[in-house]
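Look at the two complexes coming up: chain A is in both, with chain B in one and chain C in the other.
Moving on to the complex of A and B:
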């Protein structure tokens, strides 16, 4: 029951931690340009200077303020994750609902397509796409969502099949409801928990993926990203400045993924009773 | 002796607002036949009897004619009347004790007509009276008692003896059995039957429909002074053609009737005739029914429409406006604009498959307006499929469906929403049949919103409140805002019933609506459903596996087996004396004892009767041939079986096309 869901979430420590962290990080990312003391592309500082009152996390080898870099990098990484998550969710819901609603041939096609896409290793595709076509980050997010929708679609489809055959939908149909009415008023709202879970899982994956690609140097090195920062920091690993240059982006990236993981765990726990017993 | 009543109208004068007791009655009493006159109190039954005897009070006016063997007797003076009274026409009055003089012995009073009319000697007359009383089972020592010393039954029999002592050619009996116990009633019935055999005609005025059906040859149904239907007596319960007759039969606790009393919705009032207060050309005499809503602003309504229209289950616009005349339907005469009870839903050869599974195999079903039809059978026999096809939501693979004689599938294509509004459905599992995300208000209002007939928010709100009040649920704001998980199952099921009825449907399909409820809640929900059925005049299809429940609510029962309807008929016949062995087994098993005949995994016979492998009566033919239709009781009870359990072979008709029922010839 939806009311007790809200209640239950409010008492779940996973959820509280996740949402707390998430709010802080989102605030940092969203208001990064306001907080950041310097322009991250400004190279006018003394390279490799240690942390000081002026530069909280020091300056990198190119003479840029690391703290400012971090804020902008996180903004890009999180933005990439959110965009990819939304697109993947949209695709997954569209395909999954269509498969469940029309059934039969449509269902067969959609699900076999999902199997095919699932079988393809997504990292490889991304690396290839990024290195061959040099797409913009937005394009890359879309490509990522194109190869990551199947799990969402499958979850949506199976749940939609269950809900579709519920008596109350039967009753609405008997009362003369059109397909659009049933979709909009009964089916879509009923699947709400799945959207949360699907979105969070995909966003987490996308953020990590973006960092990895940037780390591998497959993205524009001038674009600030947690992966890029880590990648450059690693080059000066021997200089004993890892704690102010390498550690912060790693921690931030971990926190980002942890936030989303916590949220997913708590949402699944509350909305999916089978998982509740397993955890 | 033949009595012809032609255009007889009787009014009682009452200060310009005259009570119309009988309105243009046409009735013929044939020699040697018993005609029963039935109807509610106030329908004018007794007035008719008294008119025939010339016993109307002074404030009455009568017109028309009554001919006794071609002699007009209406309006005869006292002398003329005295000639026919007792000798030709005798009447047994209601409230018998009051009709005897308490100061004289019974035997003297019985002898009185002989002395008065035949000028017999007192002793001879007393002798004859004693004999007559003896024939009525009253001994000599009882015959010499005073009226107050006799019991009601004895008084009744004395009254009969007195009426019969002159061997009248026409006997009018006004409620002859209303105060009698069953034994005495049977005795009196025998006496009346003997009178018939002697060649007299009998007019039997009674509330007792069982007696009317058993004893009489013809039945005339009187409503507010008009004859609504005349029919052969045997069809009273089996095949009433007028909605009023159906409802009347349902209100009577007959010994054969299994279902709970239904009653007739609304109330019968009385009719008055009066003159318009206006003078000049507007002045006119007219009559109308007194009752709520029967006036327009000057409190007068001109006479129009069917008298029964406000209480009828199938009335439409015409019934309110057009005048109704008697029409012949079969051997009935019905005063109904729609030609008697109409078929609300007709299924013709509908079938449905799910892959290899035949859920419904070419089934015919006609449901009459205002009827409660129960579908019983084991699981997987196609009960729910049948109900869902009838409700319009499920498409049959083949066959035709008609709702109010309109092709449902075409209607569905053209304007599904208006069809959906005519049919309400209540489902098996209450908690699943409502969305847990919607409040009570949204749940109940949903059909209105879908069909776009709710009007504005306020009107929708009012209709929801009314619908909830109808199902006896609170309709306060607080309740409307509640969610299903805050209600118990019984309340949710009521919400579902409110939802099903909010678009004011004429057909209600209930698919095991109480199987998820515990007995006490089930009882409440069922009572409510049956009340609503009567009140709203709903036609109901009730799917259940519970034979006990079907007994309580059904007018007719259909028994399903492996997608076929193998037996169909009035519930009293199907459940009381089943034809098909499968039905007997169902009834037996419902009592928890299948008699060792219950097998769950029998391989169905290919091409033959599906029950054959489990049937103890089955022979070779049962396995290989489709069973024939057998019909009983004027073909209102039929079954598809080679070995029907019929005791009386004479009323057995083989292969006669039945009204509606099992596997018809159209399906192979």
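Moving on to the complex of A and C:
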């Protein structure tokens, strides 16, 4: 990354807010089991107890500590997003770079495949897979990445085509550098900003998707997730539980997606000159 | 003066005209809306409705039976009177000559005898006509039904559940399960079926003004899908809804009338007793000891429920056997039984046998009383309880139709499901235990390997003396509770609320609608 980009990012309020929020949330998610006062599956507390010193956010209908549930739920939701984001990024980069580098038939096949996958409604595929085959969350994240790589691949390909024709790449070729060397030493690092944008966009979508599937009851109901916490809290909409039970997971889910959105906006603004002008 | 009188007369005429023209418009607006969280229960005819209580109830508005139930018990419906001739094993029904089909034709004894023949040829899963030898129309309004052998559940089953079909429509129908022509919904009930939107889960019925028991109290009956019964009642979107027990006080304060049912619906642990280790009776008993039912009620339903009898019949039933075997929660005993079956504790404290860990799948669905879909934690709590004694459980949550289908096809290990009918006629025992009686039911254990249990079930069906039948029913409950082909868990509190402003008094039927459906949508509420 160029020093000017780093400098520009460091001054960008979107980036500062996003990275700050992201670090706090990642810390909470990563160290959730350490912070968590109780086992989130422990059902030994008095159901629907209000918030107290022992239970900061109270106890849910099943006798479980809501704060502990939240920490584990956020960990699972964020973990799902990060896994799906990375896998989609890996696939997108691999296909995009291969298409740009080899060109011709490989490019045609890869891009037509991307067009086909883009035409597939990912929500429907995921709902069908979740309801018919009941795969594990890890497998679902992989399935999601398999149907969401094309946009990243297309972006990587178009940028790689530009870089591929630059003078230093031609010079490297003339100097006898192998294709793998050029890909690894030149193309991969130079496209770095696109990885961040691609990852962030996919991760945001995946987190929301995970929460939605859990909300619909399509994931293991015993697995904690922000979606399932919201789903159960809504069941008791007629009671005064919205502020301590319903609101926290909604806020956390919003913060998670907002964090990634801020980062995407910031990165796009810095690395895409046209967007920079628009903003 | 003359002019003033003329003006006054004109004004009076105008007021009178407005009143007269407005009256029918207001009358036409009289409608009742019922909220339901699932919505789609199939088309309301005997061959197309979903085989659960709410499906039957939607059909019951359109199709009448020979007799029916109100708050106090059986009352005349299409049959004005009925009698039993023990010597000839025959029931005689005198039909109401006022009864008409929705297309205006009179309903006669020919229709009744035709219905029985038709159901013999194309069985209707809710009714058994196997024990009927023949039905003879004796005149236009008298029908005599001869039995091939005594049938103790004849009245609730054939009399109170069997919808009568119009012969002039169905005699030419050879594939009733795909027949959904508008004529397939011509019945003799108080409402004419007008529309069903499968996607929205809404039903629209209109009053049958020539109904033989009198014009219904409302002109339109509408079912709307709503997962928020309290809001629906408060906003007027619905006039009647099943509610969670915790909502009762708040709704009372808002002026709604809250009604409670007896314990006529049970949540049940279905067991695939055809495959190991569930084919071992002692293993099933270990499961019964392992599951803490009171904890499920407390943690999943805020304490609103009662542990069920292991003998299936409701504890409110007059034939409930108080000496039915009982399995108090005892995790240690459950573990001992499993060990006696050759399992040993392996790594992580889970049981294993021949190197294979004791692992199975718990299929969970969210059905509750009245067919409502309410997410609960039953699966989560049971999984935890079983894991505490050393059984590794993977919990899978599925929507009800898929769960039903997997249970019916034996594609499961254990599953949480539930059904009503347990406060109705004890024939429910046969339907929920034996494949001979309940093969079509998604809730039947289809357990046929205990000859003594089979004998008792046969015996209760042919015993016309109610006291002797009671002894037999006692025996069935006892054996069922020992064999445990399925484990009854608890009776959730069944509560509904309605808006009294509409002038309709809804009620839960004692013993349930028809064969025991614990839903407060008895058509008599809208008739008399």
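A few comments on the model shown:
Keep in mind that, in the parts below, the second predicted complex is superposed on the first by the 278 of 279 C-alpha atoms of A that agree within 3 Å, B and C clash if a C-alpha of one lies under 4 Å from a C-alpha of the other, contacts with A are read in each partner's own complex, and residues count from 1 in each chain.
Everything below uses one rule, namely that contacts are C-beta pairs under 8 Å (C-beta built on N, C-alpha and C of every residue); 3 or more make two chains touch, one makes a residue touch a chain.
Note that the coordinates shown come from a computational prediction; the quantities given were computed from them, not determined experimentally.
When both complexes are overlaid on chain A, the residue A:189 reaches chain B alone and has no touch with chain C.
When the shared chain is aligned, chain C comes close enough to touch A:220, but chain B does not.
By the touch criterion defined above, A:172 reaches chain B but does not reach chain C.
With both structures placed on the common chain, the touch criterion links A:181 to chain B but leaves chain C unconnected. When the shared chain is aligned, chain C comes close enough to touch A:41, but chain B does not.
Within the superposed three-chain model, A:231 lies in touch with chain C and out of touch with chain B [touch as defined at top].
Touch criterion not met for A:6: it reaches neither chain B nor chain C.
Once the two complexes are overlaid on chain A, none of the chain A residues touched by chain B in the first is touched by chain C in the second.
Chain B contributes residues 391-393, 416-421, 423, 425, 427-429, 432-437, 446-447, 450-451, 483, 485, 496, 499, 503 to its touches with chain A in the complex. Residues 228, 230-231, 244, 246-247, 250, 295, 298-300, 302, 364, 366, 374-375, 377, 379-381, 383-384, 394-399, 402 of chain C are the ones that touch chain A when the two sit in their complex. Taken in their complex, chain A has these residues touching chain C: 41, 43, 47-48, 61-63, 131, 134, 217-218, 220-222, 231-232, 235-239. By the touch criterion given at the top, residues 1-3, 166-168, 170-177, 181, 186, 189-190 of chain A touch chain B in their complex.
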